[in-house]
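For clarity, chains are labelled A, B and C in written order, and residue numbers in each chain start from 1.
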Amino acid sequence: MSDQTRIVAEAVVEEDAPRSLGRDVWDQFTRHKGAMAGTAVFLFIVLAVIFGPLIHTIDPTYSDFRARNQGMSWAHPMGTDNLGKDMLAQVLQGGRTSLLVGVVAMAIAMFFGTLVGVLAGYFRRLDGPLMRLTDLFLALPILPLLLVIIMLFRDTLRSTFGPETGIFLLIVFIIGITSWMQTARIVRGDVLALKEREFVLAAKSIGTPAYRIILRHIMPNILSPIMVSATLGIATAIITESALSFLGLGFPSDFPTWGRLLYDGANFMTITPSRVFWPGLVLSLTVLSVNYIGDGLRDALDPHIRGR
Amino acid sequence: MTRIGLLMGATALVAAGAAYADGHSERGSDGQLNIIYWQAPSLLNPYLSGGTKELEAASLVLEPLARYDETGTMVPWLVDEIPTVANGGVSEDLTQITWTISEGIMWSDGTPLTAADAVFTWQYCTDPAGGCAQLSNYNGVSNVEAVDDSTIRITFDEPKPFPYGPFVGAQSPILQQAQFADCTGEAAPTCTEENFAPIGTGPFIVTDFKANDVATFEANENYRVASQPAFATVNFKGGGDAASAARSVLETGEFDYAWNLQVEPEILTQMEAAGQGEVVSAFGTSVERLMVNFTNPSADLGDERGTVAHPHPFLTDTAVTRALSLAIERNILVEAGYGAAGRPTCNVLPAPEVYASTNNDWCLEYNPDEANRLLDEAGWEMGDDGVRVKDGVRLSVLYQTSTNSVRQGTQALIKQMWEAIGVETELRNIDGSVFFGGDQSSPDTFQKFFADIEMYTNNFDGTDPEAYMGNWACSEIPSPDNLWLGNNMPRFCSEEYDAMVVEMSQTAALEDRAALAIAMNDMLMDAGAIIPLIHRGGVSARAASLEGVKMNEWDSELWNIAEWSRAE
Amino acid sequence: MFAFTIRRLLISIPTLLAISFIVFAILDLAPSDPTGNLPLTIPPEVRQQIRDSLGLDEPFPVRYALWLKQFFINEPLNLIEGWTGWQFGDGDRLRVTSWATRSPVVDLIIERLPQTLWVVGMSQVVAVIIAVPIGVISAYKQYSWFDQIGTFVSMVGFSIPTFFTGLVFIVFFSVQLQWFPSIYDTNHEVTDWDSFVFQIKQMIMPTMVLALATAAQLSRYMRASMLDNLQQDYVRTARSKGLTERVVVTIHVLRNSMIPVVTVIALNIPTIFGGAIITEQIFRVNGIGQLLIIGIQGADIPLVQTLTFIFAVLIVLFNLIADVLYGILDPRIRYE
């Protein structure tokens, strides 16, 4: 579309009906093929892990020892592991945990990362203290820190929320609190550059309050790196969780998660390839679909692209 | 180097004469031997680090007076014969033992090994500021003296029916006095150079040592057997994990020998099929066991948690523990996690042969019906949720162990077997450095045992079970009073048992000692304090071209490395 | 900018001291124990003696002060002596000593630097070389087949953890094809062409595994940032001035898009020295990452404390460098 036709088109639209921003964003989003495909895949995975166990009713923790190390079959569509547990049931059950951990931990990390990054980048007085805090978190040795946190809080959380919810909260908190720093640094870097741009200076000169400048002018322009961080963050969170359970710091060992299935299956790669193929596939598909959704959102929220 | 090795070998050959008798070629003719230990040694002084990896790496260099062969028999190593009461080497009152060093044993620097070195080694380890890890090998030793250059006399405080603690086995080799003289007490840890490259009498000498990474050795020119070792150099690499160590021997053929391959058996079988090497295993005294907590670990008890003041609500009931044992199908555990390196056992003391009881073999038969019957009879009734209840107490256990993929597999299987008889099971795994560490502030140590059941492996050094069976005396119960230091995890306490512990320390005849050990083992089994699962062997892999490996669980696996050679 | 740099360097000192204290406190609180990995046949009393001989019976502040003295006074003096041959005092100073190996921590680190720098350092270089062009082209030709494939590959690369890609590499290249060794030889010395070829061969797998993971991440940030900048008014201005597309993209847009990429690289460089724990384990590169993980597993407090602290220094330093670079890339950014 050339600029002229666009202006005409916009004029026509304006005459039609007043349009809300949300509507605009949604229209643009649905026009993004990748984003639509991503949403479809992601929804499919979410629905599968929620409703799948109702259809495929084998207990993921039940081990049928005579049927161990099996390939794909009708009884076990994704095969079985070395203890005879059904892989499909484990992938479905594991997906519930992994998706929830991935999304929630990523949200926590994004929230802290963006908050710290924007504050540090925009307010010069906060820059020093906040960035030194970031340095501190970057330098902390994660493993001993985890051991300390688990030692201090596991029993309290276990008695308050029960073994599974307690551990879930702990894990999500730990992953979130130890992975916001990169986002913070990136956001701050962008904000430092943005706040010297003409449109921000202009907004400042007419006395716009700081929170307004941040929300209306800065935030939309740092969405790209945040989206990328968020996409990568989900994958990181899912993998970090598997590292935690491997170290005995995560969920109990009979509690499957995608990362854990992949880890446990790695050595069986040449015996039962389906053991690593399926968890690896769903993990990649999830990250890929989130990435495309992120791309779509970014385009839809970007005023330069929207309406083009 | 190789040429010098050949020359030296040849000269020694002329001097010694019949060294070709075993048909092997001369020293240093087989090139390099590549060994991989996936846990890398952190130093080469076994007195400063008691880890198995350090002991075994050091055994290429340092040697004891006598060691155990692959059958668990004691063999003279730096001496001509093992002292006994019969040959006069051990005094009638069992308080003294006298060793005589063989003629012509030399340190790798060419100086002779003397009795003074042994005396020094004892002083080195017993220095209170040194933090010696092998101190328990010198328990009860009141004096070690050099009668003359080749005679060592060890005196004990009280009669010692089994006087073969000091200087026997890979745990207590002899250090060279000349090298370590300035490294005693507080100075011990500062002698980095010495700890990284001790001088020994063994077949190899250290040429380079990178802590936690790689050590290189070369043949010792002064080794007492002129034709040995067949290998000129040894590359001793560490790091990574067990599965990939196995792969480097069995599949890629990059290494000749890999140690401690605790990997699921089907993986090893598949790798072995590649034909580059084979898996070797041997059994010692290791038993994977469930410890049953006789005290109440409930957090509500605060500071008195896990102490004898509060008995466990249901695990002191022998019907319950017996049912738990009967409900475990041990063959499946072996098949899933151990393969050829494990066999079901019902004894906490499974070996040597003379000490092994046969009175508990009922547990070998998997019998859930009998388990159910026992529980029904004892009044544990099945509740609506599939968990048995009696007087409002639910049969619900927290089952903890250290983090390790085979252990987690075993946990999952046992959980299922127990839930089938109405015992609810919650699993927990804890990082090994926390679980086996004694940190006072951590609630997760195996000594505090704030769980109902815990699983791990234990064994004893050498072949004498006296100290091991002493672990379950009342005085060994960990409690806040002794800072949780103690080996009696189940908190089992019986006067009768304690009496047998004392009796054993005063009994010399092997048959009587065996009868006592069996009685003690049976008492523990009957009380249900310990549920043995698997008699575990060591598993290693050797390349097809490597000859002379005699897998040994009683001593260092590398005990006879001098005899190893490359097949043509 | 110079004044800013100096001020930041001065502020770094108290920051680093605070970090070192917090890290020491965490390590001290952590429940793992230096005798935890010993065989169970070693009785508890002996373990207690070992702990005492390590100095663990001293109170926390004493141990922290001792570490500070050893690290900030004794170690630098030792280094200076080693370089210059001068002698300060009697030369008999207590160095920071690792509990597990009983050898000076600094020596261990120096011993392991070469392999870590070779492998992890090279992987970062490879990652930047792969990622920047992919990111630029993907953004410039958004939604072209190149972009789609690039996105796909980098996302798959990022979502598959290194422990898995490493194993796939070994099974494929070492076991099946027998091209590359699966175990890194840290004693190998490059002396001639053949040994150089061997060095390349043994580096290729660990380097690629790490580079793929990093490149995936880097190319995503590069692409996103390029996309943002391609929309800016100055691009239109540059084009309308008649500049060639090449100049517009490589000089104007690329330069302005580098801020997030510089941040990521600056965050990654300290991790080069931190080593790559998993990859080093898989291929037995046994560099600093492996040293750190062994130290943590063995509760080797002096080792972990020293490594973490050096790591913290690098983080602070490279973040400062990144801040200076922001100013160079975008002269409007000012720090007063």
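The criterion applied here is as follows: a contact is a pair of C-beta atoms (placed from the backbone, for glycine too) under 8 Å apart; a residue touches a chain by one contact, two chains touch by 3 or more.
For clarity, every value in this text was computed on a predicted model and none was experimentally measured.
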item	value
Chain closest to the assembly centre - both centres taken as Cα means	C
Pair exhibiting more inter-chain C-beta contacts, B-C or A-B	B-C
Centre distance in Å when chain A and chain C are each reduced to the mean of their C-alpha atoms	24
Whole-Å gap separating chain B and chain C, where each centre is the average of the chain's CA atoms	38
Intercentroid distance (Cα basis), chain B paired with chain A, Å	46
For chain C, residues that touch 2 or more chains besides their own	29, 31-32, 167
Multi-chain contact residues (two or more partners), chain B	431, 434, 441-442, 444
Of all residues in chain A, the ones touching two or more other chains	147, 151, 267, 270
Residues on chain B engaged by chain A in the complex (per definition of touch)	243, 263-264, 266-267, 270, 299, 332, 335-336, 402-403, 405, 408-409, 411-413, 415-416, 426-431, 434, 441-444
Residues of chain C that touch chain B when the two form their complex	29, 31-54, 97-98, 100-104, 107-108, 111-112, 167, 170, 174-175, 178, 181-183, 185-187, 280-284, 286, 290-291, 294, 297-299
List of chain A residues in touch with chain B within their complex	61-63, 65, 68-69, 82-83, 85, 147, 151, 155, 159, 163, 246-249, 252-254, 264, 267-268, 270-271
Of chain B, residues touching chain C in the complex	36, 40, 42-43, 45, 48-52, 128-136, 186, 188-192, 195-196, 208, 210-214, 216, 235, 237-241, 244, 247-248, 251-252, 254-255, 274, 431-439, 441-442, 444-445, 447, 456-461, 478, 483, 485-487
Chain C to chain A touching residues, read off their complex	11, 15, 18-19, 22-23, 26-27, 29-32, 143, 148, 151-152, 155-156, 158-161, 163-164, 167-168, 171, 217, 220-221, 224-225, 227-228, 231, 259-260, 262-264, 266-267, 270, 292-293, 296, 304, 308, 311-312, 315-316, 319, 322, 326, 330, 332-334
